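Before anything else, here's the structure in question.
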């Protein structure tokens, strides 16, 4: 019953096997290897467009590098006030941007609306008091497990463009969001106005595979130098290239993400059916955010379940946890089994039943 | 006959197997996994001292992070004028230091002498015209394949300490140097006055395993934040921990490095015996630097050999290549075979014999 | 009726005269001039303690340099969410800190309470997700014209110290605050736990005179290099030294600030007496923040008055402007005359009387 | 006999008077004052072209800001190996560039030749090992008192352009160079291919007046934010605007520079005529660099003269000082009198005569 994060499992057997096979013999270093190069070709097919791709070691690096490509040191990058780039990367975006400023926008469930964006821009004071707004970074899915529909993305990027902003998508759980929407990769990215994407494989079946992908290729100028300068250019890049190649092949990513999402939906349905438990946000990817009594959370942990509590700042105020309640985050992965989901639900259900009985 | 770099081969079978074994099941993320933690314990035994260790994805990152730990944004870091940190990392040290200045010192074969260091310090103008000198970064072995003896290291670090400098060792080829010297890891590092070490496994049998090691643990304060901020904190760090653990176990690193060094010595001996070819510097690790006629280099490449030409700036002026000569760099690895070394030598020898015959 | 800012007037006659007198002949550059050196001595008497002082050209530079002295590139600096360093310096603190993160705390009237500070620290998630908290920057007076009493300062800095934070005071209107409180300079700074002070002369009678003052002198290490590196070391520093010396001499600063404060109090009393106008915050320094009908503001501007509207975010929610109201900021200076204050009040009063009459 | 630097005197009477006159009354802050605005207009006439100008407090800031405008954080900026930006600004260019790398080129007397530039570019290794070359920063006059002719500038900037480099001119002694050449300001700048100029008034009759001037106005985009962010946007900018306006008016700058240059030529002629003394470089602006016996230097200092010794690295090797000789730098200013020059020469002459007599 480990639901802490999708980064606590290794690679899928198929991805691991790709590492093993790619290990043999000599290969060009710093990306001049066949795996990286085939992946690049495959990626253009995947997204159905020309693009520039740069493999890196961590999602933090991918996001921070992408941020630096759309926001100069003297600029401001808008993002959700509780986004991962704002709150969980220990200042990496600011470091990679060279001092650029992250500015937080509000939004239920981590989603930024065109209205919120327009309102922020309208309230800018003018003059040189604030860094000029240069970019917008959104997450698909968000820190609260929600996804933007292609139409929502389009409306938001149209507004961003109107204000002169380039748009980055943090796709740490890109494949979960894509499976959830059932649209094409193109529809969720460049066709919806995304300029740069951080594509994450690590949370969905790879051991370490992250990429910065430029749909607006003009932003990729000098980027190979910029990546090298950040210590993100692996000498034996085949390690990443091979994982990503296997991950893309035969829709392996989809299979992995679909399973993780299904496990989350199963968990969500089970928990939502328990009186006294409700969902903070709908379950759209591989994360479930139940609002539950603190005593239930304590009980689940005592029974061996592992998961984190979570922020309620970006909830609809009317939905927020009461004084004895807490929001929890449960993350599923390609390794999650129906059995452990069901066991978690059963423990929760039993506890709440007994509690009600005791109260009567 | 691929002698371009020791980063063009994969992992040793034993290291690869460790990755495969570590892949199974759940494990704590961001370093809270058993492999990383066992490696940390093993490393203290290896160096026979308490220390702090931080695993990272690339040697560039290890060096740049270490540089930032001994030199503030407003300081200067002394290094060899042709060192890897100066010339081959695309400004990563400056980036990680936050603008700190790399200042180059001369030295035959990439080695800095206490005399050169003292002379540089003595020539500082005073006042605030130049950033204050804060650190010294040396490479063991150097970009020209030389090693400092423990006594040389001690003399140099005594001088550095006298000038208030902390000392970093770039150990991208640490194991090759250690095998070459036959001393203990402690004798080559903290007992010789080294404060921070970049320990590289990637060039000697790992796919991707680099570490920043603090012998002066006061320098490690806040370092976990600093690593995270640079995008070098892997969520599935077991990937590195498992490689390093296997690499250290049963002196596997030594076996790999000893082989690479032996192949280099074989190459060096063979080439030095050819009239018209000489060594720019003695062969001390897994690199050989023959000075040869340009036509021989062209011939070897035409025959399928792969290697780079190299700078002659740090050669003894009396030894520099003549007008039709060039310095080459040949790098061996744990995969290099005696056969390909011998074949390379034979081709060179044949060519030079025929050339002499033709000239007669 | 120019009430836009106290930076729109020149120097007082006495300060200007000091510039003229200091201009003659040769003097040591980069601070080695008698004016700078006498000012440093005078400042130690003024604050009644040993200290280190560094003269700079702008308040932005003083704040940003001070920020960089208490917060490293990888750290977070707490400040009020609407402070000048947060909102009006175009990212200068982030630039000078080398990427350190400004984190905003709420507080009525721009003042941070120990409770707000404690609550923020208590909510930190732990781990390496966020930059470690390193410093606290407060303003005396605040962007909303309020001052901390020495006791309030002490309570706040005790809390800061408990959390390991160094404390910076932005004293752009230091002299106005000091006159307002009637305490000693020492009581408002180091005796109240302040580690670093930005002392501003520019807004109170100088043309350009700002200083970074270290009460915690350990923070001043290397600071001369750091100042030089930011382009803030004037070759002819006598220009600043002479101004500051004259400003301190015979309590000239006090005379100037007392006048400006008195003009503000006169304005505040006059406006508060007008039905339909109220003060957003009490008038404690040389700034007045009336809440008034938008039509009154328009009328005043049409009559030739010059001033800005202001944010209401840091007001007590119960006091916030209604739908047709606005908050204005009126700033007085040593040049402000009672006549222009009275004229402003009279225009406002007449307008509101006529408006009431028309409404009846 | 103070010849240490031209930054040890105050402002000329005319410039000082401009400060006094500009001090009265209210004026727009942050550059919205009539003096700054009139200066901007006058400057366009002076250079006979449209341009963008930004006033700043120090020459270091002007150079560093200009550097940052032509070289991104991940780029390299070429400059003379002993230039002021390389050696005397304590890392300010690196700081303002956000980590960009200064790379030094050799050149007699501080001048870079097209050949040296071409050779450096030709030797770049390719790949991502080094930061891409983005800009070239030259000084007019150099640290060794030499000037580029317009033709030399043109040849150099043509080469720079060929390599994709933007060109910055450090004009700390711009007016001295201009008087020396007798050409127009346009001929020495944009007509010769200069993209950005640091124009210094401080060393030639102002107390503090420096400007960054963009001939390539596309480089000025966002620059007002960038200046603000560096703490270089003065609230009472009239202080600089008034000085610069008076400095430009009626060719006042020329009068001041012509005097300083004439004093230097007088010094150069006098010293060169003394047997045993020679000039390291021709006297082209307001600096003289005699090579003299160490004992003469000691004697001059004992007699009350004040000046610095100087580097001989950029001398023609054949001209370098002998074992008992030293290079000195003598700087003249608008305040220097013929009498003190003549007294200096006389003391030197007497000493050398007596020394010769004693030797005979």
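Should a chain be cited, it is by its letter among A, B, C and D, assigned in written order, with residues numbered from 1 in that chain.
Simple rule for what comes next: contacts are C-beta pairs under 8 Å (C-beta built on N, C-alpha and C of every residue); 3 or more make two chains touch, one makes a residue touch a chain.
Everything numeric in this text was worked out from a predicted model, so none of it was measured.
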Inset, instruction - Average the CA atoms of each chain to get its centre, and name the chain whose centre is farthest from that of chain D. - result: A
Inset, instruction - Match interface C-D to one of A-B, B-D or B-C, accepting only the pair for which over half of the contact pairs are the same residue numbers. - result: A-B
Inset, instruction - Any chance you could check whether A-B or A-C wins on number of contacting C-beta pairs? - result: A-B
Inset, instruction - State, to the nearest whole Å, the distance from the C-alpha centre of chain A to the C-alpha centre of chain D. - result: 52
Legend entry - Where chain A and chain B are represented by their mean Cα positions, the distance between them in whole Å: 36
Legend entry - Mean-CA-position distance for chain C and chain A (Å): 42
Legend entry - In chain C, residues with contacts to at least two other chains: 73-74, 89-91, 95, 98-99, 128-129, 131, 225, 228-229, 233
Inset, instruction - State the interface residues of chain B toward chain D in the complex, per the touch definition above. - result: 73-74, 76, 87-91, 94-95, 97-101, 128-131
Legend entry - List of chain A residues in touch with chain B within their complex: 2, 5, 7-11, 16, 19-20, 22-29, 56-62, 64-65, 89-92, 95-96, 202-203, 207-208, 225, 228-236, 238-239, 335
Legend entry - Contact footprint of chain A on chain D as seen in their complex: 30, 72-75, 98-99, 127-129, 131-132, 222, 224-229, 233
